[in-house]
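Next come two complexes built around subunit A: one with subunit B, the other with subunit C.
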Partner chain A sequence: METFKLLAPLAWRNLWRNPRRTIITLFVVSVGLWSILAVASFISAWAQSSRDATLRLLIAQGQIHAVGYMDDPNISNLMPPPDEALVAALDTSGISNWVARLELPGVVQSEYKTLPVSLVGVDPEAERRISSIPSKIVEGRYLDGPEDDSAVIGLNLAKRLKTALGRRVILMVTAEDGWLEERSFDVVGIYDADTAFEDTYIFTGRRPMQAMVGVGDKIAQIAFEVPEDAALAGVVERLRAAAPTLDVREWRKISLIMGAMDATMGGVVFIWMAVMMVMISIGVINTQLMAVFERTHEFGLLRALGFKSRHVLLLVTFESVLLIGLGVLIGMIAGAATVWGLSDGIDLSAFGKALEAFKAGDTLYLEVNPIDYIIFPLAIWALGVVVALWPAYRAQKISPVEAMRQAT
Partner chain B sequence: MPALTRRHLIATSAAFLVVPRMALAQDPQAILRAAFNNWRAETSHAVMEMTIRGASGTRSLTMESWTKGRDTALVRFTAPARDAGNATLQAGRRTYVFNPRLNQVIQLPASAMQQSWMGSDFSYNDLTKTEALVNDYTHRLLETRRAGGRNIYVIEAIPKRGKPIVWGKQIVTVRDDYVLLGQQFYDQTGVLVREMVTGKVRNIGGRPYPAEITMSSVATPDQWTRVVTKSAEFDLALPGYLFTRSNLQNPR
Partner chain C sequence: MKPIVSCRGITKVFGKGELAVHALRGIDLDIMEGDFATLAGPSGSGKTTLLNMVGALDHPTAGEVAIDGQPLSGMSKSALSDLRLNKIGFIFQAYNLVPVLSARENVEFVLRLLRVEPAERRRRADEALAEVGLQGMEGRRPSALSGGQQQRVAIARALVARPRIVLADEPTANLDSTTTKELVDLMYRLNQESGITFLIGTHDPRVMEHSKRHIEMNDGQIESDTRG
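And then the complex of A and B:
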């Protein structure tokens, strides 16, 4: 404690003997930390936005299928409409919205092209509450009701088929008897999502589709929405209890890609942190080594006056603790200020099409994640001090006799 | 005025003589049905040469075909060696292909029916869905032309509402001896998409026959498929085993 009282003010004063060098190091540390925090906020906002945007299209937060449908989505793996117990569970267990859909792989044909697609039979009324597709119609209209036997197709698919609003396309879907059932559909609406989605999904009324493929009132899936992602696991459990013979899954197990993206998004921040750590380390080692070499004579004198070698080590380490600690503090303040400054959201709509592939929404809302503000500053501080042990160790090894003899 | 009356009379009686025949001939659906009967008869056996001019060059295939009724057909390729042995069997709604190198018969999934047949401008559907033009369209006789001493009927066919047909319309040209002279496929905005033209009419198997037909897409006019019928017999007795899967794989 005595040593600390002696060394702390000494270390602090030593820092400001060369203000320019200290400020440069502070700058490196604080900009490094600020960029880590900003990148972390941005990536988590982006991940959440793209997740929400994708789930809002069709997947919702979870789905119920017949066992086997996820592996082989064909007509033999459909499920009956939900029974009373399941409807009761869907209506009560913290689910904000749910829809029943029929979805089967098929082929769409125009005068010019034949392409594989997924035909989805929907109940438009319910779909408006759970899916963003009805609001993404750029030409024509969405479906009127569950009896509507027209088709709503994607913008890019319309382009590839060389078809347009008001024309008809032929859809072929394998029916109950194993034959490919063909039907002509009038294109009444064109929606604009991302191109991969547009190329895959064609929507029509659920009942005409059920009649077309001859499956009675069977459906392929129930999609449900939960207000809070945290409540999802519990909801899935309750639905499993209500429908033990069905396959209830949350979105991470439906879209494996999205589940994986969700899990690895955080990794990007750590890669950025590693890069920043190298930069900061170089800065800190450089400054502290310079500071130590410059003061060889001084350390020799201190040793001659009674400083133990560990006191020299402590002194130099203290200097780096203070230096990096101050930088970390500035970095944290700058990071938080950036996030608060952009709290109105970052408008990405100007980049519209270019960012479509990333599937994010048009506006990103950054947030301060408290855990980021504990983990990253502590990590930088600790690692910075550890690398600064090397200059400190060099200082400790200075022999007083040789150092004193050295001309200054 | 007497001169005029006499001429009038002659004209009217001449019209009377012709009208019953014309009335029958001018039902466009009957004309198309007759043209298809002329094409395939009840049974047929033909040797044909198919020339495919593609982006990468020209190749010629020789094939032998047997048809029975409206939905039964077998086509077997005989040359060149590379393609010899490949065969396609249409039996009702099912279509099978045999590949000698795989030594295997595959039933085509219906979704593959729109794919190109042996790399030609014909799809499997073109081979199997010929009847649709007669049954699933409403027909209108646009004009009757005279050329080479014969009447030529130009028939517009528009798909019936709800029928699974992508075309906006087809224009079919048929000669009065029921030789199909041409078939044009238009998209739903009235733009010509693909076209089949009969290049030569010869007497084959005792009937006038479109001996050379060429199919091409408007988008790629330098790529086409030409089928030349070398010889054919019609309404002959064909053995029942001909149209079976075992005969497809191991021809007797």
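And then the complex of A and C:
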């Protein structure tokens, strides 16, 4: 304690002997941390936004299927409509919206082309609440009601089929009896999502589709939405309890690619952090080594006066702790200020098409993630102090004989 | 009377083989209580090296240094630190003071290491500064003091812990003649009035004028040791 009281003011004053150098180091540390925090916020906002946008198309946050449907989505793997217990669970489990859909692989045919697709029979009212497709109609209209037997197709599929609004297409789907059932549909609407999605999904009313393939009131899936991703695991648990014979999954287990992306986003932040940490380390070692070599005579003097080598080590380490701590503090404030400054959202609509590939929404909402503000600053502080141990060690080895040496 | 410092057969060799420098070649020396001794000799004769040995700052290659009868060989670095702190005051040629500490803090520094209570510490530091004629300048940083004033602070610091001996290496090297005279008078007065033992390495004849004992070195050996 006595040593601390002796060293702390000494360390603090030593820091400001060369204000220019101290400020440069503070700058390096704080900008480094600031950029890590900003990148972390941005990436996480981006990941979340792009994930939400994709899930909003069709997947939602989770789905219920008959066991086996996910491996082989054909007509023999359908499920009955939800029974009372399941409906009760869906209505009370903290789920904000849910829909029942029939979805089967099929083939679409125009005068020019035949292409494989997935035909989805929906309840349009419910879809409007859970899916973004109804709002992505660029020509014509979305489906009217569950009885609507017309078709809504994707922009790119329309182009490939060389069909258009008001024309008819023929859809072929394997029916319950094993025969290929075919029917013609009026194209009443064209939606604009990403190309791969547009090429895959054709929407029609659920009841006409059930009638077409002769499955009664059977469905392929129930998709559900929860307000908070954090609540998802609990919801899945409750649904499993309510429907033990069905396959309840969260989105990560439905779209494996998205699950993997979700997991790797953090990796980008860590790569950035590693780069910044190398920069900060070099900066800190550099300045602290300079600061030590400049003061060889002075450390000799302190040693001659009765300072132990341990005191010198502590003094220089203390200086680093203060210097880097101050830089970390500034970086944290700058990081939080940046995020709050941009909390109205970053408007990406200007980048429009260029960013479509990332499927993010038009506006990114940055958030201060408290964990980031604990882990990253501590990591940088610790790293800074650890690398500064090397200069401190050099200082500790300076002999008291240096005090006698004439020139400095 | 027992010597405060005794050196027996001190040799110091820097480097090895062809490049070896024999800085000290067998020094026998006793510094007695109350001595005001000057150590002179041409440049490179080994004055600084000898002061380093006496001040427990460096180890001799051979021979034995004892302070207050306590041999230094075999003592740990930490024990040597404590010994310097308790028994030896140092005045160096230049950059004697810690630049970020005020005059008072520089003097107090040694007392802090000795764990003297704050009030007592301050009283003794101010007393020592007054003794060297720096009343009213206690709060100044070294950069706001003249060279002579800085050396006075160094003297105050060397004395404040009441060491057994004060070692000074060219304490007046950067000072003009008036300031040098004042400083030498001060050290001499402290020696006369308080009986503090001084060993001063110097080229300066104005310093030697006062010496009660004059040691002349040449090529790592003591050429003459005269009292008068």
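One rule holds in what follows: the second predicted complex is superposed on the first by the 404 of 408 C-alpha atoms of A that agree within 3 Å, B and C clash if a C-alpha of one lies under 4 Å from a C-alpha of the other, contacts with A are read in each partner's own complex, and residues count from 1 in each chain.
The rule is simple: a contact is a pair of C-beta atoms (placed from the backbone, for glycine too) under 8 Å apart; a residue touches a chain by one contact, two chains touch by 3 or more.
For clarity, every value in this text was computed on a predicted model and none was experimentally measured.
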item	value
Joint occupancy of subunit A by subunit B and subunit C, clash or fit	fit
First, second, both or neither for A:R17, with subunit B first and subunit C second	second
From subunit A, separation angle of subunit B and subunit C (C-alpha centres, steps of 10 degrees)	150
First, second, both or neither for A:V386, with subunit B first and subunit C second	neither
Which superposed partner A:A263 touches (first subunit B, second subunit C, both, neither)	neither
Subunit B versus subunit C as contact partner of A:A403, first or second or both or neither	second
First (subunit B), second (subunit C), both or neither touched by A:L301	second
Subunit B versus subunit C as contact partner of A:W179, first or second or both or neither	first
First (subunit B), second (subunit C), both or neither touched by A:I170	first
Touched partner set for A:V278, first subunit B, second subunit C, both or neither	neither
Nearest-approach distance, in Å, of subunit C Cα atoms to those of subunit B in the combined model	85
Subunit C-contacting residues of subunit A that also contact subunit B	none
In the complex, subunit A residues that touch subunit B	106-107, 109-112, 114, 116, 162-163, 167-170, 172, 174, 179-180, 182-184
Touching residues (chain side subunit C, partner subunit A) in the complex	48, 51-52, 55, 57-58, 77-78, 81-82, 84-85, 90, 92-96, 98-101, 109-110, 112-115, 157, 169-170, 173
Residues of subunit B touching subunit A in the complex	93, 109-111, 113-115, 159, 162-168, 185, 187-189, 193
Parts of subunit A lying in touch with subunit C, wherever the complex brings them together	2, 6, 10, 13-14, 17, 297-298, 301-310, 399-401, 403-404, 406, 408
